[in-house]
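Take this structure, written in structure tokens, and hold onto it; I'll ask about it next.
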Amino acid sequence: MKNGRLAREKIIFTLIKIAAFFSAAILILIVFYVFIKGISVVDFKFIFEEVQQRDITKGGIWQAIVGTVYLGLGIFAVTIPIGISAAIFLNEYAPDTKLSRVIRISIRNLAGVPSIIYGLFGLAVFVHFLNFKTSLLSAVLTLSSMTLPWIITASEESLKAVPFDFREASLAMGATKWQTIKKIVIPQALPGMITGSILGLSRALGETAPIIVVGATFYCRGLPDSPFDKFMALPYHLFILATQHVHIQARQYALGTAVVLIAVIFIMSITAILIRYHYRKKKYA
Amino acid sequence: MPKNIIKVENLNLWFKNKKILKDMSMEIAEHEITSIIGPSGCGKSTFIRTLNRMNDLIPTCRITGNIFYENKNIFSPGIDVTNLRRRVGQVFQKPNPFPKSIFENVAFGPRLYGEKNKNKLNSLVKKYLERVGLWEEVKENLNRNALSLSGGQQQRLCIARVLAAEPKVMLMDEPCSALDPISTAKIEDLMQKIKNDVTIVIVTHNMQQAARVSQFTGFFLMGELIEYGKTNDIFTKPRCKKTEDYITGRFG
Amino acid sequence: MKKSRLVFQKELKKLRQDTFEMIALSKEMIEKSTSSFVCFNETKAREVTEMDDAVDKLDKKIEHRGIEILATQQPMAKDLRLISGILKIITDVERLGDYSVDNANLTEKLSEKPSDEFTQHILNMKKTSIIMLDKCLLILKNGRSKELSEIISMDDKVDEEYYKIQDTTVKYLKDPKKNKRDHESMIALMAARNLERIADHISNICRRSYYILEGEHIGKNQTF
């Protein structure tokens, strides 16, 4: 009896271990493949020179990198204040009514809507209805609507993780609700909120489908001057090179772009981890 | 009988439909330590949380009756709850310093009430850390995170944090139940030291603690105040059979 | 009331039983020593001396157990009063034993059976004292304090008998014809004096019992 239980425990642990290794292996495989195939084209010129429309081997992908960074900054600027405020409202102020529960469930579900749907939504609302045309602004707003549910959910979770004890202590000191949120809850939840946001953002930056519809272009001369310009972005560039470009080295350049895209997203994830680590260290110093 | 700082009149309290406190009336003497004892679930914590209206946080809580703090009804609409809580501070069962530095914890109250002068804050922090006997232990590094202190130190820090708000009354909800005997003794000594400035109401499971520290004791049972009187009388010759059974440990 | 703190309850019960036993022993000593005195019976007197050891042992044992219970069980309210009361009562009970031994020793100093003029009063004193002690023991056992003040007032009866013996002694000493009985009357006076003290200690025990049961002293302006 006892032995049977021990054996079963061993089997289950082994299975779990295999599953973990398997998922790690997939990631490593992809990254390796992309790096080995693509790293050869990545050099200083590739990163810092503009795309040459006629011959992609003569230039770099500078506009696409900058376009993606612009997108990132734009999304950050839009989603952080809205997302965090919404999370604070939902978690701290909204009474527990049917309406608030419906809103919460809707937000959770929005996070699961396919990205192309957001693209179509952006096309209808930002491009046509608000008449922003296909532009950087439209793309920022579209990707922001896609990221918001993610950020709200992540922020709400980190707000929930702030122990009730702290709020109670602050309120018992005679702090108002807002003072408590501002001085105690937000500083506590902020690292979690920022990490969640950066992860949501990095997911958005990898998206191709929505931005095709609302403003990304394969080629534009120079960097965008205003939010109403079209722009280039890494994932879309990669997509075109990989599927539609005629150049003989297009496939290799696509992989080179992929290396840069992975690097950008990797840097962002690392930043998120560093922020979390920094705060955690401070918390238990 | 000394002057009363808090007067409770016919207090009833429900959570949803469950009646937690039943027609309670008692007066709390200023500059004395009043302890509240009783078995788990008798409503003692709920009772002291009513005194600073912390039960407002519970949406299903319904209250009838009056509580007068310095002759003002704390349930009247004109009362500023934050002001009441500043005057009637609370120390909780589990030490709950904010995850900030020791300095920021003590400075929390003064900052909240608008003190910005750094020198003033420094001297306040020192004063109250000294008051709770923590200064010598932490003066080397006030920027240390409060959560790195031991449980007993954390609880004393929480008391310092409450005292820094200069309350008139301090409610203590089983403040020593998570602490070792030495930390407990330190806090009990501290209570005697500050009671001339701050009226203390302490809820405790530990009857010996109630007997040691308080001048008045109230015995709660199933939401009722069974007996209330001088601690010396309650623990040597309680008037009520139920009190006697509880105090002598004959209560299942 | 549910059963709880079983160890504590058992300890308390043992302590009470030991105390009752000690009281019973000293009661026997009072009886024996008095009868040894009035009958001029030296064998009985020696038995009393032997019994005193048992009383002393019980005294030490009860004191020690009482302190142990105080330290380990933290008794409160009536339990606390019971233990502290017992700790005081046993001192009085121990004195009962000592006075009995004194009286037994006085027997050996007698040269003949003391005259009825003394023994009649001495026996009365003993009888009253024993009644007081019996009643007090009963009250301690069943926990009803009502009759205690009556019992305490019985001490006056013992005192009266003692005054009679004083008077008789004075009469003897003053009477030139009865000079040869000086010795006997002095010893009888001493024995009576011891019995008078015994009754005092018994009323102390009664007062202490009242405190155990009621949590306050009986009457006012008590001096012990």
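Points worth noting:
Which chain is which? They are A, B and C, in the order written, and residues in each are numbered from 1.
Just so we're on the same page, a contact is a pair of C-beta atoms (placed from the backbone, for glycine too) under 8 Å apart; a residue touches a chain by one contact, two chains touch by 3 or more.
Computed from a prediction, not measured in an experiment: that's the story for all the values here.
Look at the CA centroids: the one farthest from the centroid of chain C belongs to A.
Here the chain at the heart of the shown protein, by mean C-alpha position, is B.
Centroids built from CA atoms put chain B at 47 Å from chain A.
Averaging C-alpha coordinates per chain places the centre of chain B 51 Å away from that of chain C. Chain centres here are Cα averages; for chain A and chain C they lie 93 Å apart.
Among the residues of chain A, none is found touching two or more other chains. Residue ranges on chain A touching chain B, taken from their complex, read 95-96, 163, 165-166, 168-176, 179, 183-184, 187-188, 282-285. Residue ranges of chain B in contact with chain C, taken from their complex: 207-208, 211, 235-238, 243-245, 247-252.
For chain C in complex with chain B, the residues that touch the partner chain are 1-5, 8, 74-81, 214-216.
Chain B meets chain A in the complex at residues 52, 54, 57, 59, 82-86, 89-90, 92, 94, 96-100, 108-109, 112-113, 144-145, 147-148, 158, 161-162, 165.
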